[in-house]
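Take a look at the structure below.
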Amino acid sequence: MKTVPLADAVAMIPDGARIVVGGFLSVGTPERLMDEIVRQEKRDLTLIANDTARPGVGVGKLVDARCLRHVIVSHIGTNPETQRQMLADEITVELVPQGTLIERIRAGGYGLGGVLTPTGVGTLVEEGKQKIEIDGRPYLLETALKADFALVHAFLADYLGNLAYALTARNYNPIVAMSGETVIATAEHIVPVGVIAPDHVVTPAPLVDYIVANG
Amino acid sequence: MKTVPLADAVAMIPDGARIVVGGFLSVGTPERLMDEIVRQEKRDLTLIANDTARPGVGVGKLVDARCLRHVIVSHIGTNPETQRQMLADEITVELVPQGTLIERIRAGGYGLGGVLTPTGVGTLVEEGKQKIEIDGRPYLLETALKADFALVHAFLADYLGNLAYALTARNYNPIVAMSGETVIATAEHIVPVGVIAPDHVVTPAPLVDYIVANG
Amino acid sequence: MDPQAVIAKRIARELRSGMLVNLGIGIPTLVAGYAPPDVQVYFHSENGLIGTGAIPAEGMAHPTLTDAGGRPVTALPGASTFDSAISFGFMRGGHVDLTVLGGLQVDQSGHLANWMIPGKMVPGMGGAMDLATGAKRVIVAMQHTAKGQSKIVKSCTLPITSARPIDCVVTELAMIAFSNGQAVLTEIAPDVSVDDVIAATEADLVLSHDLHEMMI
Amino acid sequence: MDPQAVIAKRIARELRSGMLVNLGIGIPTLVAGYAPPDVQVYFHSENGLIGTGAIPAEGMAHPTLTDAGGRPVTALPGASTFDSAISFGFMRGGHVDLTVLGGLQVDQSGHLANWMIPGKMVPGMGGAMDLATGAKRVIVAMQHTAKGQSKIVKSCTLPITSARPIDCVVTELAMIAFSNGQAVLTEIAPDVSVDDVIAATEADLVLSHDLHEMMI
């Protein structure tokens, strides 16, 4: 694989696309991809992510710049602008328990139709969902989520596309990298092939379609 | 955590227990635990594992020594003794597609009731199972598997119980380590706490109940 | 003593060496500061860290080592990091021995409401529902009343976080355990009477046979 | 030419650089040996390895680097190892671009049977069902007949491996693609006539508009 320029990578994402983005309150989010999406003035995106971060950082930049139409996240409590846009009917927000959200993204990438989780049973979350009993215990059927583009940020990438993450910047990234039709990665360092030991690769190369060239 | 002697670790496993064991055709199987189970003449165990290996190695030792009553595996083709015992009604065998088996074990450890998989739809595997359609596509509902004891083998363990695996000896081990009521691990090397970098720990310490002392 | 300190100190006494513990934001976070020095627990951060340590000394923070609020932390020897699916597998799968959560309301059958106030505050549930549903033991840390109203109610008027009852709630006045649909008063804070607690509580309380003063 | 070599060579021509490929045991394994030298594919071993290389030189094997049959292999530069849940996520999730599987029977609507012969051989399905169901493209490599009987049948008499039709089957006589419930003869091996193929095949064959000789 050759690296691609940042602008070319983001140019592939059409308005209205569904994107899933790694990161947890902006830690581990591919910031350069966020900046470029804003610069290219993408519109009507659906965002799947843990949260909407804060104004000015991470996916919060997409909220600020009105790139989004719909977000599927586990909370928006850290971003007043998301709440404002939601109350003003400028975006729609689907709130999903965090453990359910990551399993739904995983199911999408792993070819599963969904999972049965006890989380949300007996709460508002169960509305409209199928409830299934296993051994006398009720579970909600939570269905798979997929996206057109998965945007991830790694600590190390090699030129084949193998990725390794740093500490808590790992979070959603390895799961997100499984579940995009097209996977675009940025990395702190792009290293020669073979430098990341096989046991330390977290996202295997064939998953990654494009590595964005650094600086 | 202090390490425990091999005999003490295995003495905790009662006859009739349900065990889930890491390894793939004996690669990554905790051989010393297998030997000790045989030596202590455990009986009527239920085994959950990828396969029954070959006679004389891995979980195949448990087959040879008649420790098992029921096995849940994805294939027995490499072990003629398993096939002989099955045909002689000495053990019962439940065959599960490999990708379904690992997801069922994972579901058990991750607190999920089960997963929806397309694998097995329209085949003998679907018998007796609930079929659920999502977006017009049929899936089988495959339920979680749990075990009383999870037996795993690592390359490195530290004295808290953090584990790291070597190459293809990883296979089922990290998933198995999540899904036993009690988790017993052996390791090629037991190293001081802090020697395995946080990013290279695959099984976090709190999952592991006992590390078996070496030599 | 500061009400929050009473709550955090009492809960800290529930910590045992080897436990895996997840602390929510607010009062629960304070519990770590009162852990007895001889008790070594693992703190779990839902963003993918076990072995969370103290806030780093000045100049020693790193943007990729953070707690669930995005603030820099340290990693203790033997710490591990992992993806969010594993992190929530720990919660949902019962591998987290204890979680301490904040609360808006707790009702007398042990239901917790802590994630939204309809029409007013809709931040989202984050990890609260998975923790409340899956952790082995759930303790709620909150003040007994808000604006003079009891937060321990007969039946939650706010949307609940989980159908599964919590194990107990600790306030600056009392410790109340939940079992078989009953709210059982087990401990009262120093200088607080049983009548004080009953007066401040909307829920019906059953007095424990072993009711005693809180040791803090 | 050896029938197995014909099959493996023809399938090897389907390999493209960058593809992630899983080869089953038997004839499929031979495909790797015929990969064009300028084509770099990733080989996936279901036991948790991408970047599987050749058999190691004597004295350089290690018990923790093996293929799905437990035999020592090497790891190419850029290889990665992972657990079985991820390995099957690759298959089921459609991340494996091509799988080549052995077969006992293929029927004219493209159903594959390759995992059991009731009452005779019940080895278990291993990873075959996940591969046949989830890989982006499924090619079956098998000899056209067994004991004089066609293995390409009207309808499988053996239990099928997946309800999803395979993409094509390659035998020493022909390449047959499956679409819309039809078996379409697309290529015939050198020195084999269309009539030879039809005579050796129980299934009804449709002749492709583009029917041509197999290049091997």
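Order of writing sets the labels: A, B, C and D. Residues in every chain begin at 1.
Note that contacts are C-beta pairs under 8 Å (C-beta built on N, C-alpha and C of every residue); 3 or more make two chains touch, one makes a residue touch a chain.
Predicted, not measured: the structure shown is a model, and the values here were computed from it.
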Exercise for the section: Averaging only over C-alpha atoms, locate the centres of subunit A and subunit D and give their separation in whole Å. Expected result: 34
Completion exercise
Distance in whole angstrom between the CA centres of subunit A and subunit B is 32
Exercise for the section: Return the distance between the CA-based centres of subunit A and subunit C, expressed in whole Å. Expected result: 29
Problem - Intercentroid distance (Cα basis), subunit D paired with subunit C, Å - result: 55
Completion exercise
So subunit B residues touching two or more other chains come to 103, 106, 110-112, 117-118, 166-167, 170, 198-199
Exercise for the section: Can you tell me which residues of subunit C touch two or more of the remaining chains? Expected result: 49, 75, 81-82, 85, 88-89, 91-92, 134
Practice task
Name the shape of the chain contact graph, picking from line, ring, star, complete and other.
Solution key: other
Practice task
Give every touching pair of chains, nothing left out.
Solution key: A-B, A-C, A-D, B-C, B-D
Completion exercise
Residue set of subunit B touching subunit A in the complex reads 103, 107, 110-118, 130, 132, 134-135, 137, 139, 141, 143-144, 164-167, 170, 198-200
Fill in the blank from the handout: Per the touch rule, the subunit C residues reaching subunit A in their complex are 45-49, 62-66, 68-70, 75, 81-85, 87-89, 91-92, 122-130, 133-134, 159-164
Completion exercise
The subunit A residues in contact with subunit D across the complex are 1, 106, 108-112, 158, 160, 162, 178-179, 193-194, 198-199, 201, 204-207
Handout entry: In the complex, subunit D residues that touch subunit A
Key = 18, 20, 42, 44, 49-51, 75, 77-82, 85, 88-95, 97, 134
Handout entry: Contacting residues of subunit B [partner subunit D, same complex]
Key = 24-28, 50-51, 73-78, 83, 86, 95, 97-100, 102-103, 106, 117-125, 155, 166-175, 202
